[in-house]
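Accompanying notes for the structure given below.
The letters A, B, C and D name the chains in turn, as written, and every chain counts its residues from 1.
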Amino acid sequence: MHENREATLKRLKRLEGQVRGIARMVEEDRYCVDVLTQIAAVRAALKGVEKLVIDDHASHCIEDALESGNREDQRVKFTELLELLDKARG
Amino acid sequence: MHENREATLKRLKRLEGQVRGIARMVEEDRYCVDVLTQIAAVRAALKGVEKLVIDDHASHCIEDALESGNREDQRVKFTELLELLDKARG
Amino acid sequence: MHENREATLKRLKRLEGQVRGIARMVEEDRYCVDVLTQIAAVRAALKGVEKLVIDDHASHCIEDALESGNREDQRVKFTELLELLDKARG
Amino acid sequence: MHENREATLKRLKRLEGQVRGIARMVEEDRYCVDVLTQIAAVRAALKGVEKLVIDDHASHCIEDALESGNREDQRVKFTELLELLDKARG
C-alpha cells in the first residue's frame, strides 16, 4: 500500500478493538440487538478500510499498469477489478 | 452491446412483465409479504441482466481499450469500473 | 396494502417505464456503462417501492397481529420478518 | 445470548485474528488485491457471526416476547427487527 498505509493500519487496529468489544458484550450476556448494532458498526468500519485500500490500489497499482503500457499487467488489473465488482454485487 | 444483446433484451422484456405483475398484485390487494417476495425476485432478475451487460462490457469495450493501447480510453474504463465497484459496495 | 397503495402503484408504473427505457437503450446500442447506470437507477427505485410496502406491512399487518393478541399470527409475522432480514443480508 | 453463545465467542476470537492478519499484510506491503480478498473473508465471517446472534435472538428473545403475551415487549421486538431489516437493505 501507499499513502493510505498508515491510515489503514490505524483503522485496522481500531477495528480489532471493536471486535474484541463485541466478544466482551457476548461474555457479559448483553442484549442480542445491542450486539447486532455493534456488528453493524464493525461492518461499516470494514467498508471504510476497504475504501482506503481500493483508493490506493487505483492511484498506484492501476495507475502504474496504465503508465507502463504493459498489456498483460493491464489485463490482470481489469480482471481483478471485474472480480471485485462481481463479489461486491453479492 | 454485443453477444449478450438478444439475451439482455429478452430478460428485460420478462422483467417488465414481472414489474407489471407486482402492480397487479397490489391492485388485487394481495398480502404485503407476497408482494415483497416478488420484489425480491425482480431484484434478482435485475442482477442477472446487470451481469450480462458487465460481461459484454468486459469482453468488448474493455478488451478493445486494452488492444488499442490508447491510454486515455483505458483510464476511462478503469475509472468507470472503480465507480461501479464503489456503487456496488453500497 | 393500505395508505401506501396508490404511491406504490404510481412508482411501479414509473419503474415499468424505466425498464422499458433500458430495453430501448440496448436496442439503440447505447454504451454498456450508460445501461449499467440505468440499471442502478431501477434498483434504487425498486428499493423505494420495497420500503413503501414494508412500511405498510409494519403499520397494518404487524400492528393488527399485535393488537389481536393472536399468538400464531404474531409468530407468522416474526418468522416472515426474520426471513426477509435473512434475504436482505445477502 | 443462549445456545450460540460459545460458538459466537469462538468465531469472534477467530475474526479478531483475521483482522490482525490483515494488519500484518499491510505492514508487509502485500499486494492490495490480496488485502481486499482478506477483507472480503472478514466480511463473510462477520456475516456468519451475525447469523448466530440473529438465530439466538429469534429463538429466545422473540420467542419469550411471544409467549409472554406482553404487547409492549412484542412491539419493541417488531420495531427492532424492522430497523435491522432497514439497515440490511442498505
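Rule of thumb we're sticking to: contacts are C-beta pairs under 8 Å (C-beta built on N, C-alpha and C of every residue); 3 or more make two chains touch, one makes a residue touch a chain.
Predicted, not measured: the structure shown is a model, and the values here were computed from it.
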**Study point:** Rounded Å distance between chain A and chain D, as computed from the means of their C-alpha atoms
**Key:** 17
Exercise for review: Starting from the mean Cα coordinates of chain A and chain C, work out the distance between those two points in Å.
Suggested key: 29
Exercise for review: For chain B, write out the residues touching at least two other chains, lowest number first.
Suggested key: 50, 54, 84, 90
Check your understanding: So what shape is it, when you link every pair of chains that touch: line, ring, star, complete or other?
Key -> ring
Review point. Using the touch rule from the top of the page, what pairs of chains touch, sorted by label?
Key: A-B, A-D, B-C, C-D
Review point. Residues of chain C touching chain B in their complex?
Key: 1, 5, 8-9, 12-13, 15-16, 19-20, 22-23, 26-27, 29, 31-33, 35-36, 39-40, 42-43, 46, 49-50, 53-54, 56-57, 60-61, 80, 84, 87
Point to revise | Of chain D, residues touching chain C in the complex | key: 47, 50-51, 54, 58, 62, 66-67, 69, 71, 74-75, 77-78, 81-82, 84-86, 88-90
